[in-house]
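Since the structure comes first, as structure tokens, the remarks are kept for the end.
Per-chain residue numbering starts at 1, and chain names A, B, C, D, E and F are given in the order in which the chains are listed.
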Amino acid sequence: MTIFNPIEESKAKGKVKKVFDNIKKERQIKKIPNFWKTIANDPDTLERTWNSLKDIMKKGALDPLVKEMIYIAVSMTNSCEYCIRSHTAAAKKKGMSDKMLKELIAVVGMANETNRLVESYQVEVDSFLKK
Amino acid sequence: MTIFNPIEESKAKGKVKKVFDNIKKERQIKKIPNFWKTIANDPDTLERTWNSLKDIMKKGALDPLVKEMIYIAVSMTNSCEYCIRSHTAAAKKKGMSDKMLKELIAVVGMANETNRLVESYQVEVDSFLKK
Amino acid sequence: MTIFNPIEESKAKGKVKKVFDNIKKERQIKKIPNFWKTIANDPDTLERTWNSLKDIMKKGALDPLVKEMIYIAVSMTNSCEYCIRSHTAAAKKKGMSDKMLKELIAVVGMANETNRLVESYQVEVDSFLKK
Amino acid sequence: MTIFNPIEESKAKGKVKKVFDNIKKERQIKKIPNFWKTIANDPDTLERTWNSLKDIMKKGALDPLVKEMIYIAVSMTNSCEYCIRSHTAAAKKKGMSDKMLKELIAVVGMANETNRLVESYQVEVDSFLKK
Amino acid sequence: MTIFNPIEESKAKGKVKKVFDNIKKERQIKKIPNFWKTIANDPDTLERTWNSLKDIMKKGALDPLVKEMIYIAVSMTNSCEYCIRSHTAAAKKKGMSDKMLKELIAVVGMANETNRLVESYQVEVDSFLKK
Amino acid sequence: MTIFNPIEESKAKGKVKKVFDNIKKERQIKKIPNFWKTIANDPDTLERTWNSLKDIMKKGALDPLVKEMIYIAVSMTNSCEYCIRSHTAAAKKKGMSDKMLKELIAVVGMANETNRLVESYQVEVDSFLKK
């Protein structure tokens, strides 16, 4: 690979080990997924991304499951296979049913179509939408 | 404009008038927004889009408000101003608070960052994610 | 503007003037559009882009009008207002009717929806499609 | 797979079977491609997508082959491998030669370049393009 | 506006005021730009974004000016006008000449074209590139 | 494959052979990579792309390594695996260290996040940025 190999857990130390331990504890998982092992090549990016993600995805005015579904919608629009698969798995753990996923996908498909219709027809923003 | 002017309600007839009337009734609004007035230049697209949208966005396994937020997330990722503004307005009508919108935006921002980190590091999909 | 101002025709000289003259002759227009006047800030980019475009858009196995419509489809997918408007104007000159444009837009909208459905459902490429 | 497995034809029933039969008849094919088998997990999405696609891609002011090429151009811009491969196969059936495909690709490449040049230079829309 | 109004400096307090003060000091500017004033509606996003940005954009193995140019290249590819304009201004302060900006744009345009050629031709990754 | 097979060097003749020879000489490589072999199916696209790329990527006001990194940033934003891998390899040859690559990726990730924050919050361009 011309890019970077994942940092295996047995090789993790210092900041990387600390973040790995925290991920396993918070997520209640036994093995670190490839995303974290790969960005661990840059310990600062690992730490910053994990801290931001943990903070942003926690329960707030929005439910963590709703947040996961928003995450999936973005990942589908960006065609990021890893992101779609990992956040779909996460959302299922939090209670997303197959029926919910199918509806989510239908909305994502439709929104991508109407987004392009708006641009294609160069629809002007209604004045009531700008207040 | 080299593209198309909106079809004013007073000029609507046939299929277009029927859809306009249905939009006003279903959405409980008094004026047709520019999106519908503009795509009305193609009555088939108007009818198909309205019917699909009505069907997809209705209550199902997912709440209509959650669907609106998914719609907004796609529109933000595609940078579609009209779509962001109109679906934000729709979501507010359905109960989205400012706090919810801010959290939604934070998730959208974060997902766009991690989507690119995955591609940049060429992270391999974990075997457990492929079943 | 923090970027670049258009180079007015009266200020064009050397390579820029030569390209401007060629654009007016080939396109049979009297005034240089903003796109060419703006990229003229980099005479090499102006010359390369004009020569490539002239070459790519000329009649070949595909009709110039079909090429314009392909160009518009890409520009709509990328939400480039200038590109949509200018190539729509060019296509109309070459015979694109309003009905053709509406059908083009319907295809663009649909393709954007199904592209995302494919990614969302992670549809596997059929073996017959890979030969 | 964390997402959905294709619905095999032997398992299709009700709405799904009806759509599968219609696809085979209209397209004059013997086997249902993965796209339709996979979105069949959501029978409503299957039916809606097939009906819309059939309607949009049929002969109108634009030739079905031109519509296929517009579809391919969008799919290339969105980097959707499945969509590129399946619609290229469909276009070849309708008469697209290799030479036509190469010209299509050249236009797609060029349009993506100039779209970005327009945004990079922040080119202002000419007043004659806004009518 | 259906979204959020900027938080004026005179209204800033607590976490927002602290970040605003830090931005003005670090950037040596007298007025807070709209980006920061607008995301200040969500003080956590403001703080996290500012801290991450400050950390990521500082001198490291790469020069701050090179980092700004990478930032601009991403923003041009995403067609984000605000981002293009603000980071172009920042890069000019750090020594980017007009000639450098023109070359940057030429690379961005070219990369967008070849990226699409790769997808359009479905070019296979050379084995030597995967090591 | 429904698309095109690479043109092997032993089959290259005329314009294609001339460009292949020039690539090997200029790049000081012994084998032509798949990108060039595949687009060689369209000799005009091969020639035009090679000449443009050679011209754009050469030393100017910007260093060739900086240009490669800008190229990579665009390719990461467009999720083009081939382009990321090949230009990362090229940049390493020109002196990009692992540390530089990690910083580049961090900037790309961050820029993609803030680009979407700008669109999500619909941040207005500051008047000082428009001059």
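We take it that contacts are C-beta pairs under 8 Å (C-beta built on N, C-alpha and C of every residue); 3 or more make two chains touch, one makes a residue touch a chain.
Quantities reported herein were computed from a predicted structural model and do not represent experimental measurements.
Among the remaining chains, those touching chain E and also chain F are A, B, C, D. Centroid distances from chain A, each centroid being the mean of CA atoms, peak for C. Farthest from chain E, judged by the mean position of CA atoms in each chain, is D. More than half of the contact pairs of A-B, counted by residue number, reappear in one of A-E, C-E or E-F; that pair is E-F. One inter-chain figure worth recording: chain A and chain C are separated by 34 Å, centre to centre, where each centre is the mean of the chain's CA atoms. Here the spacing of chain C and chain D, counted between their Cα centres, is 21 Å. Centroids built from CA atoms put chain E at 27 Å from chain B. Chain contacts: chain F has residues 1-4, 41, 44-45, 49, 52, 76-81, 84-85, 89, 102, 105-106, 108-110, 112-115, 117, 119-122, 129-130 touching two or more partner chains. Across the complex, chain E is touched by residues 76-77, 79, 81, 84-85, 105, 108-110, 112-117, 119-122 of chain D. Those residues of chain F that touch chain C in the shared complex are 1-2, 44, 48, 52, 55, 129-131. By the touch rule above, chain E contacts chain B in their complex via residues 2-4, 41-42, 44-45, 49, 78-80.
Chain contact summary for the complex, chain F toward chain A: residues 79, 84-85, 88-89, 92, 98, 101-102, 105-106, 109. Listed in rising order, the residues of chain D touching chain C in the complex are 1, 3-4, 6, 33-35, 38-39, 41, 45, 49, 52-53, 56-57, 60-62, 66-67, 69-71, 73-75, 77-78, 80-83, 85-86, 89, 97, 99-100, 102-104, 106-108, 110-115, 117-126, 129-130.
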